[in-house]
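Per-chain residue numbering starts at 1, and chain names A, B, C and D are given in the order in which the chains are listed.
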Amino acid sequence: MDSQNNVPAMETTERVMFFDTDAGGVVHNIAYLRFIETNRSFLAEKLGWKLGEMMEVQQCPVVVRTEIDYRRPARLWDRLVVRGQLEKFDRCRFWCAFTITRETDDEKLITCRQMLVVVKLPDMKVIRLPQHWETDFGHLKT
Amino acid sequence: MDSQNNVPAMETTERVMFFDTDAGGVVHNIAYLRFIETNRSFLAEKLGWKLGEMMEVQQCPVVVRTEIDYRRPARLWDRLVVRGQLEKFDRCRFWCAFTITRETDDEKLITCRQMLVVVKLPDMKVIRLPQHWETDFGHLKT
Amino acid sequence: MDSQNNVPAMETTERVMFFDTDAGGVVHNIAYLRFIETNRSFLAEKLGWKLGEMMEVQQCPVVVRTEIDYRRPARLWDRLVVRGQLEKFDRCRFWCAFTITRETDDEKLITCRQMLVVVKLPDMKVIRLPQHWETDFGHLKT
Amino acid sequence: MDSQNNVPAMETTERVMFFDTDAGGVVHNIAYLRFIETNRSFLAEKLGWKLGEMMEVQQCPVVVRTEIDYRRPARLWDRLVVRGQLEKFDRCRFWCAFTITRETDDEKLITCRQMLVVVKLPDMKVIRLPQHWETDFGHLKT
């Protein structure tokens, strides 16, 4: 399934810097979550939430659960490809799925799923997902 | 179950700094994983791996999976208590469980589980867990 | 000059974690600035700004310049001692000086100076420093 | 002076993410140093050090001093332009100068200078700069 089948999806790229690595000589496990957040922010923009307007609109998708599997390590200066997509949603929650692969050999390094809700700031009350999702991505409704 | 029942456990504390927070006014979801790594590093020391000797010994526990639930947000200058413990293990893998609570009201903010293996550096080959674990923490063997 | 001579000063300690290091096998240059911020936040509390009240009080010291010298590298699991103090101030600006030493041999690894101003949130207008500073730390006025 | 006058220079861009910001609602002062490191890594590649080969070549430029001025804050989702260039060098040290501007209005937010040396790993002994620099960028020699 991809964006042609109306699954919101996003591809971003990263280059591994020294600040992404640790003394083990590989990318630190926390750094991948920054790569994923960058991808997710562009995916969120596609879904209607622009980070630049969040503070005014006072609506913000927030991660409530992360599951991440570290399969193979990335190394300094590697080019990485992050792919994210909307996986499924219900009334108030949605799941995004991500992979990170190394560009040179397409080796899958990371798989990750995140569950999100949308909150109203500043009290952070969970609100309902936009109703047009049912029309637009009805096949992803659980 | 706790350390009196021979479950390796560790308690660490954190004070929330500006660099832990984001423009949403709360602790950024990635920052909690630093708090958990700090706890896990002291727990690892208890289990026999000293971070200071890892580069010489060339043996290192690495996280292969993280599951983290964000239940309530922490805020700037909060005092947090991180509690970690060995949850279970098999031949080559072990699981640690963590909670992060706010010190003032003992509210549970975060629950997290991480699966780890021990690798031999620099090729990162997975090695067997120390055999004395079966004697020492046999009730945690799966 | 130290706190007995009415120079606000603060000492904090750090233990170097994997997330503080990089593939060069030493602490990444950016990580030291987190150690310094932690020290500075406790120093700021002593000077009258509590991080936990900043969002309500809407007053916040912000760094406008950092100078940092990297003299020797720290390594994984090192215990570090961060010492910070108010160095001098004028009408609207103040300077803090920091050192980071390794606990085992008191080797000086880092020296740092930061210039700060206090801003009124959310428009971030610079405000005058508290007048009692002239009474309390008059010898540091420039 | 620019790259047409044989001054090695590099331009990179950044998009401000949540993890770059803090509870003050602006980009955290430490985050800019990641933006600068990314720029510097590409500039270093131009100067002959490829991050991907550093661990084999065992030669690595390291920052020994940073001076950074925070002039105006960047905000969530801003597009930033980082410009870096070789400023001057002597036998063993070189200086790079950086600016960060906001793309929309070209407002200068950050100016920064870093002094670097090249070290031989793993003992981190400072080595002489490549002799061809005198031929190639002789007008930058101090």
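Miscellaneous remarks
The working rule: a contact is a pair of C-beta atoms (placed from the backbone, for glycine too) under 8 Å apart; a residue touches a chain by one contact, two chains touch by 3 or more.
Only a predicted model underlies this, so the values are computations on that prediction, with no experimental measurement involved.
Set against the C-alpha centre of chain C, every other chain centre is closer than that of A. Across the two interfaces under comparison, A-C and B-C, the one joined by more C-beta contacts turns out to be B-C. Chain A and chain B, compared by their mean Cα positions, are separated by 24 Å. Averaged Cα coordinates give chain A a centre that lies 35 Å from the centre of chain C.
Per-chain Cα centroids separate chain B from chain C by 29 Å.
Residue numbers of chain D whose C-beta contacts span two or more other chains: 18-19, 23-26, 30, 34, 37, 54-55, 75-76. Contact residues of chain B toward chain A in the complex are 23-26, 29-30, 33-34, 37, 54-55, 60, 62-71, 73, 121-122, 124.
Of all the residues in chain C, the ones that touch chain B in their complex are 15-19, 25, 34, 37-38, 41, 50-52, 54-55, 75-78. On the side of chain D, the complex with chain B involves touching residues 18-19, 21-26, 28, 30, 75-76.
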